[in-house]
Amino acid sequence: MKRTRVILVLLTIVALLWALGCAGKPGEDESSLPEASAEPYRIGVVISLSGTYAGLGGPEQKAIDMEVARINAEGGVNGHPIEIVYEDDATDAAKAQAAVVRLIDEVGVIAVLGASGTGQTMAMRADIERAGVPQISMAGGSAVTAQLSEWVFQTPWPNRIVVPFVLKAMAADGYKNIAVISDTGGYGVDGHDVIVKSAADAGVTIVADETYNPGDADMTAQLTKMRGANPDAVLVWAAGKEAATIAKNARQLNMTQPIYGGSGIARLEFISGAGEAAEGVKLGTGKILVPEAYGEGTEEYEVATSFIDRYTEEYGEAPDIFAGHAYDAFGLVVDALGRVEGEATPAALRDAIEATDGWIGVGGTFSYSAEDHNGLTEDDLVMYVIEGGTWKLAE
Amino acid sequence: MGSAELLQYVVAGFKSGAIYALVALGFTLVYGSTGIINFAQGEFFMLGGVLSVFYYRLGLPLLLAALAGVVTTAGVGLAFERLALRPRRDAGALVLIIITIGGSMVMKSLTRHIFGPDEATLPEFTPGPSIAFGGVAIERQALWLWGLTIVAVLALTWLYRKTRFGRAMRACSLSHDAARLMGIDTARVVMVSFGLAAALGALAGLAVTPLTQTAWDVGATAGMKGFAAAILGGLGNPVASVIGGLVLGLLESLSVAFLSSTYKDAIALIVLLIVLFLRPQGLIGRARREKV
Amino acid sequence: MKRSMGVAAWMALVAVIGAVPLLTDDRYLLKVLVFVGINVIIVSGLALLFGYAGQISLGHAAFVGIGAYASAYVTSGLGLPWLVGVLAGTTLAAIGGLLLAMPSLRLRGHYLAMATLGFNEIMYVIFREARAVTGGNDGLSGIPFPEVLGVRMDTPASIYLLVWGTALVVVFLVANIVRGRPGRAMRGLHGSEIGALACGVDVARLKIRTFAVSAGLAGLAGTLYAHAVGFVAPSTFSLEQSVVLLAIVVVGGTGSLAGPVIASIALTLLPYADALIPGLGKDVIAFLQDWEADIYGIAMIVVVVLAPKGIGGLIRAARSRSRAEETG
Amino acid sequence: MSLLKVSHVTKRFGGLTAVDDLSFDVHEGSIKAVIGPNGAGKSTLFNLLTGFDRADSGAATFLGGDLLGRRPDTVVRRGVARTFQNTQLFEELTAHENVLVGVEPSLRAGFVRSALRIGIRAEERDARERADHILRLLDIERWRDVIAADIPHGVRRSVEIARALATGPQVLLLDEPAAGLNGAETQSLAAALYRIRDHGATIVVVEHDMGLVMEVSEEILVLDRGRKIAEGPPLLIQKDVAVIEAYLGEEVEDDDV
């Protein structure tokens, strides 16, 4: 008999615990952030240094490290040095969320840069909005700014402006019937939706629509189906290594149609992976690939070449578009900090970021507003063609 | 659907089918001599590609780099068997599976630390445009793939049928105790089987790299599809594994032709489950009853 | 847990766990401990299925996913109350376990491993493709906080108490199952399926019910995860996660519940070690996060090779052998 | 009165007929031995009766029902328990726990009642006591808390018999219980068999140890190549020519050499 009584007591305690939990701890105070006095401005950075997006986090970290060193060497912002705190989300939404909570509560950052992936970026939203800390994401998914949040900004060119830009270029080159192939990752699915929506007003019709899964060994089956629909041109919307395989498979299948793409294939690995099949491939993305795209002698050109030269000298390789997104994210925060009068609270910094107008970055000229937290337009994009194993400006 | 186009789908199916077949041969080899499924087989496929690229970038000519890639991966297979599997050799299948799962985690992650996250490729063995054959385009590298598969399955069948070592391996697959009674050094047989399976996986990995590039995380999909192929054909029988691989490749390609490409991957999974549930011994293999 | 922990031990455990939110308001620590608690629930179910009944599963992340997506859809999609979401998630996952177990009755060892692996991959494709329900690759966000009888649990402390309260109850119930008749029948099944049949154990029914209970617990953990994190994406329920969960139970040890629970707390905390030891250097954390997969893999092999019964088993094996010498 | 009636049971593995149209009875409260050279179909017969294998034809009526074609665990619940030629003990469980699993058929607690520990206290206590009682019956209570893997060979067989007994069978099928036992152990096994029979169980034992067979069994069934070649009390069987030939091979005529 004694045993059951004790167990009943035990269960009531647990029930009590639950009840306590429901009531929540009274006196939860919000403003436990340290005051930003003469001490350094702390900025949190959440990127993927391991997991499937490990290839993005590396260049992003290099770009930010380089810029922090430069800014601090020039005396920081209004006398405050900048301190960067990195967190690796390992391409995992749960880790990204834990990381952002640590940065906000533990480290007391006044802004968060990241994450590299769309999923991880979205996982942080609840905590970003609860704590009221501005976030600039390097992830390209439209959802980041399509589902508008006053605290969340974005630096890459979202599919909703790149896709129409590329479709119009295809129509301009005279290719009306296009075959589309996209991967089932976040970027591919997002791009595919925009392609389907904006094909009509761009003046093209989709004659074939195929998809593939990241990690697929061979795409000839899909390409055979696309060849069967004899399109004028092929549009590839994908981010992974498989894009190069598609170009090679297409050429092997004697498909002579030109191949078009977006920022997803604006990677050196695409050219080296596809080999000759990359020749003649056209893609629309920011101007970082060929600085002349900014227009020689213009301020945009100076900013871009200075970043590209310093990055190449520091790391022995040219920066890719992900390094460019990180450079812009960090630059936008520093620029906004400069414009904040008095004490740089996260709320004041958010307003300053939203007020950014015409800040010249590598991805383009950023102008944010209450409705547009992406800040880029089609003018920041340009069409390239791959010739001789490198990017050239298409006429 | 013209006949040329249908043939193109068949060629595409047999191309990826050959990849699955080579990986499946690795599964069959290890299963044949140890009775367990080597969950790290997919990583041997990955290592074949990554190591060959590493040697190629060191400046070795393509053929030498490929050879070095296969030999090094075989070394990894031997070392893995010797260090991780040998101590628990007589443990149940469950324990051995867990060791191979742990092994695949370490190999995959270690490769990323050593060789970096970005993908890489190798030049085609014989560069040149695809060969037109009755309205169908066949990539030269695909010919290499089919050639290597045929050579591998012939070599394995010859090894099993004609050599003393092959007979020892078949004895082990029936019963380690009986084999030991015959004076067969079962430990050596198991170790060599792992080395050979690693080499076969590496061969598939590097032969496909010029087509689809290689990276630290290509092992998982290849491993899963290779196993589906091996079990579809019938585990333990080399020819059955190759047939399983080709059939699986064909099913995937035709599913794109007649259904839609989103189901391409699901096909391999569905085939895997159906075969497992209905006929674990596969299309050709014989059922192994557990005697009471 | 051969001899059940005395009631006093349970009381102490409840007190310690209950006290944490009163002692600290460190949101980061509480959020990390929420993930640990969720893993304890999953691992308790998997320890029952794999550790005790010897039925390997490489598909448990999919069951967690079923729970998470079902609960997310029922609450934020259909606007039904939170408790309905939890019920839906748990039952749906349990049904998933049932449906997977029935055709797999004859499968053993690597075949069962592959069948569950196939199941996980198929569910992953469904999570990614069924965009209307699961939001596809971008995932589902805006999942409401747990709320019951008008009381919203939106502070880390309240979520912590909810998760750990549930974890305590789950571990308590599983411990009782394991000590009682079902637990013995499972360990018998694990030892020798033929021997269990010869004892009159309805092996088929036992496998199916253990799969269902184990999957249901994973689903329950999934619902807690969805409402604690507020965001759900397919990548969280991938095959790698299932392998990690299996690794935890292997390191924890078969035929024991305390072992896997301790292992799940230790291994889940690994990448967040700075939550417990604030002074820990940044590079140590970066190292732990970067090498997490390697550490799991190596730990799995080392445990199976050196201490086959894992943490839980070491104590028990030593105790029994000493008794054998006395009697011998 | 015959408790178990086997009639015309046949089992073929491809060309080989393991059990060939076999019929025999087992009388309640008796100890019946089944002897015959290796491969005579003894273990196969046990597998057919206990559902581990399916007979091609014939029937085995037990308490009015047919045993053949039933699942092994159903056969046990009906009251027919068995041991195996190579013991199937639960290696990580102690001797007491092994026997406790055997008590399974008489237990009612499911997942829910076990989890909440409602109304199972009495059932669990009885089960533990029953297991201890059977360990004493087999005189192996000293090994109560030692895991099977650490238990010496001779005792392991007794643990398996105890486990089978724990299921509360009316008929106990023992497959070569004396294999590997020394003289003393065989004697204590004989004593144990008597105690089990007096405990109320009918025993059918497959055995090669003629000494033990002659001593304990009231009736002997002799099988050769799946067929019954003799059946009757031990003294009669001893002298039966056919039995001797089956075991020792035909008489060699001088001119055959």
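Assorted remarks:
Labels A, B, C and D are assigned to the chains in the order they are written; within every chain, residues are numbered from 1.
One rule holds for everything that comes next: contacts are C-beta pairs under 8 Å (C-beta built on N, C-alpha and C of every residue); 3 or more make two chains touch, one makes a residue touch a chain.
All figures in this text were calculated on a predicted structure; none of them were measured in a lab.
Least step count on the touch graph, chain C to chain D: 1. More inter-chain C-beta contacts link the pair A-C than the other of B-C and A-C.
Farthest from chain D in terms of Cα centroid separation is A.
Measuring from the average of all protein CA coordinates, the nearest chain centre is that of C. Measuring from the averaged C-alpha position of chain B to that of chain D gives a distance of 47 Å. Separating the CA-averaged centres of chain A and chain D is a span of 71 Å.
One simple way to say how far apart two chains are is to compare their mean CA positions; for chain A and chain C this gives 33 Å.
For chain D, residues touching at least two other chains, in rising order: 52, 84, 117. Annotation for chain A: residues 7, 50, 52, 184 touch two or more other chains. Contact with two or more other chains is made by residues 129, 194, 290, 293 of chain C. Those residues of chain A whose C-beta lies close enough to touch chain C in the complex are 3, 6-7, 10, 13-14, 17-18, 20-25, 28, 49-50, 52, 85-86, 88, 90-95, 97-98, 101-102, 105-106, 118-119, 122-123, 125-126, 141, 143, 147, 184-186, 189-190. Interface residues of chain B, counted against chain A in their complex, comprise 1, 5, 8-9, 11-13, 15-16, 19, 112, 117-121, 123, 129-130, 132, 137, 139, 208, 211-213, 215, 217-218, 220-222, 225, 252-253, 256-257, 260-262, 264-265. Remark: chain C residues 7, 10-11, 14, 17-18, 21-22, 25-28, 31-32, 35, 128-129, 131, 136-139, 141, 148-149, 151-162, 164-165, 168-169, 225, 229-233, 235-236, 271-272, 274-275, 278, 282, 286, 289-290, 292-293 touch chain A in the complex. The touching residues of chain C, counted against chain B in their complex, run 54, 56, 58, 103-104, 106-111, 113-115, 117-119, 121-122, 125, 129, 194, 239, 243, 246-247, 250, 290-291, 293-294, 296-301, 304-305, 308. For chain C in complex with chain D, the residues that touch the partner chain are 173-174, 176-177, 179-185, 187-188, 190-192, 194-203, 209, 213, 255, 309, 317, 320-321, 323-324, 327-328.
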